[in-house]
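So, here come the structures, one by one.
Two complexes come next, and they have one chain in common, chain A, joined by chain B in the first and chain C in the second.
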Partner chain A sequence: MEFSYEVKDSYAEVKADGRLNMVSAPKLREFVTDVIAGASNRIVVNLENTAFMDSSGLGALIGCLKAARQAGGDLRIAAVQPQVKMVLQLTSMDKVLTAYGSAEEAFSDD
Partner chain B sequence: MTKVLASRSFRGPASEDAIESVHNHLDSLWLDVPFVQDMDQMTFTTAVIESASNIVQHAEPAGQDPVDLGVDISVQPTLLQARVSAYHAKPPFGPMEPATPDEDAESGRGLALIQALVTTVTFERQDGTNTWVLTRTSQG
Partner chain C sequence: MVSPPEPRRAVVIEDDPDIRGLLVRVLVKQGFDVTEAGAGLSGVEEVRRRKPDLVTLDLNLPDIDGLEVCKQLRQFSDAFIVMLTARADELDKLTGLDNGADEYISKPFSPRELQSRINALFRRRPSAAADSAARSDLERATEVQQSLLPKEDIRVEGYDVAGMFRPSRSVGGDFYDWYQTPDGLHLTFADAMGKGMGAALIAATVRAVMRSTGHRQDLDGAFASASKAIATDLDSSNSFVTLFHARLHAASGTVSFVDAGHGLALHVRSGGAAERLPSAGPPVGAWAGTEWPQSNLELAPGDSLVVVSDGVLDVFESVEDFTDAVRSATQSQESAQAASSAILALAPAETAEDDVTVVVVRRLPEEAAG
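== the complex of A and B ==
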């Protein structure tokens, strides 16, 4: 899995391309923690190229959400693909991690 | 004799590399059986990776030999089956019933997710090997 980020006007967009599994989950957590500390506490994780996520990956996203909120910000997810959407729904975490159509939309309401 | 249309097998040390290998096996398996619907491929892949990850994260060696992960997947006309095994492992510790973690918990959703994804999950222990057998009745 490859991570990158880009600072936008009011948030930082993190891309996580590949499989978000037990191997990459701790790395996402570390990467996002660094972005929160160094760039923005408002994070959009763009999952457009995240073809797969398991419960470890989901746990990492929840950890990142908590880290962003503890820093006074928030974390939102965008461009969710079908497998990731399925995992979010089956675990009822779609209510906690609201998915937006695109990274641009994620913080457009505030 | 049940007709097996395609299959893949993996065995190796229960490590992070094994998870990527098993996932690559699954991706290549689906190329052999394009008639298996996307939803079945997606759910079954997720269940197999969850089970294999559970072994890599939690299985403890019973003796001096390290734990090996084994995954045998077969596709039959209307059935997907995976045998996900931990070789040289102690019996699983603790409850094997799925938990209902708090919404801000960062772990503990794997077993419930597996049960939601497949039709049956059974557990076998024989000769120091723990095996989870996952089946999913496919749409055909």
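== the complex of A and C ==
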């Protein structure tokens, strides 16, 4: 899995490309924590190229959300693909991790 | 009930068809279940798909070179990688580098040499310090996980109850537990995040906590206090557990249940539709301040309650396809045991990445119940 980020006007966009599983989950966590510490506490994780996520991947997203909130910001997810959406719905985590159509929309309301 | 583990798997990545054929034959003879790829990229995909214990990798491939393939494989696979090269002069250079391969063999090679090197690799695994720790972690995790399953069959008058569990090689955090009560039975079905010893220990905690609240009459109260205890334990490990807990009142067929982030329990009606029971909230430990209201369903004679782990879901395109396949597997079988086997078979051992677990509680049709 490959990570990258880009600082936008009011948030930082993190891209996570590949499979978000037990191997890559701790790396995502570390990557996002660094972005929160160094760039912005408002994070959009763009999941456009994340075709698969398992429970460890979900755990990483939750961990990143907690970290962003603790830093006084927020974390939102965008461009969620079908399998990831299914995991979020089954686990009722879609109520906690709000999904937006695109990274641009995620923080457009505030 | 536990199914036996699968045989060792190997993937051969080699562009020369003759050498490929030879490698396949040698490995099959050694008891491996072998698949092959003729190029680097297709080889990486094959390893991703098959999750082999061993990969043989040619250094000179038509698309990307063997070292790059090795690098990519190491990002997701801990298989032994044996690298083959036709250039003897490269061998010294290669072995001096830490490029992720476990063994190097120059071509032409003798089948006997290859065999003995591979045997040595598999013998050596326990002695390498890191591997040894990981391996014994896995073995202990397996023991913990097996110890969580109910030891005895359960007999509730008017019902047929069965459960099956097939561990993956990496040991997930699945388990189910049941016990008889004066009214019927209590059932717990859980999946802890992650794999290995961590997940197995969390599963063990969940089982103990859920059993300790079994005497409480009100399900909501029992679940609230159980989830609180579990969440406290989970907090330090940054983990969570999906948890389905049900109580059956046998005489009436009423099932009261709470679903924390599992979402894969089905009410399969006799000869009719299947209804998936949506989860009432996130998994336990995932999000502070969560409450999970209980729900009820009525099992009519011939109906089944079926709870399945996400290891089965993973082989389907959508939840709808999954629901339909589980419904049909349940309805086509006479007993809860046979239905469990049929559902387990939906996720073939060679493609399943995760543990696979299923529990079927069937209310017997009236004539059979007498």
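Basically, the second predicted complex is superposed on the first by the 110 of 110 C-alpha atoms of A that agree within 3 Å, B and C clash if a C-alpha of one lies under 4 Å from a C-alpha of the other, contacts with A are read in each partner's own complex, and residues count from 1 in each chain.
Rule of thumb we're sticking to: a contact is a pair of C-beta atoms (placed from the backbone, for glycine too) under 8 Å apart; a residue touches a chain by one contact, two chains touch by 3 or more.
As the structure is a prediction and not an experimental result, all values here were calculated from the model.
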Fit or clash - chain C, chain B, common chain A: clash
Touching partner for A:96 - first (chain B), second (chain C), both, neither: both
Touched partner set for A:59, first chain B, second chain C, both or neither: both
First, second, both or neither for A:72, with chain B first and chain C second: neither
Chain B versus chain C as contact partner of A:23, first or second or both or neither: both
Contacts on chain A seen with chain B and repeated with chain C across the two complexes: 19, 21-23, 54-56, 58-59, 62-63, 82, 86, 90-93, 95-96
Touching residues on chain A, where the partner in the complex is chain B: 19, 21-23, 52, 54-56, 58-60, 62-63, 66, 82-83, 86-87, 90-93, 95-96
Contact footprint of chain C on chain A as seen in their complex: 19, 21-23, 54-56, 58-59, 62-63, 82, 86, 89-93, 95-96
Chain A-facing residues of chain B, complex: 16, 19-20, 23, 38, 42-43, 45-46, 49-50, 53, 56-57, 103-107, 109-110, 112-113, 116-117
Chain C to chain A touching residues, read off their complex: 75-76, 191, 193-195, 238-240, 242, 261-264, 278-283, 286-287, 310, 313, 318-319, 354
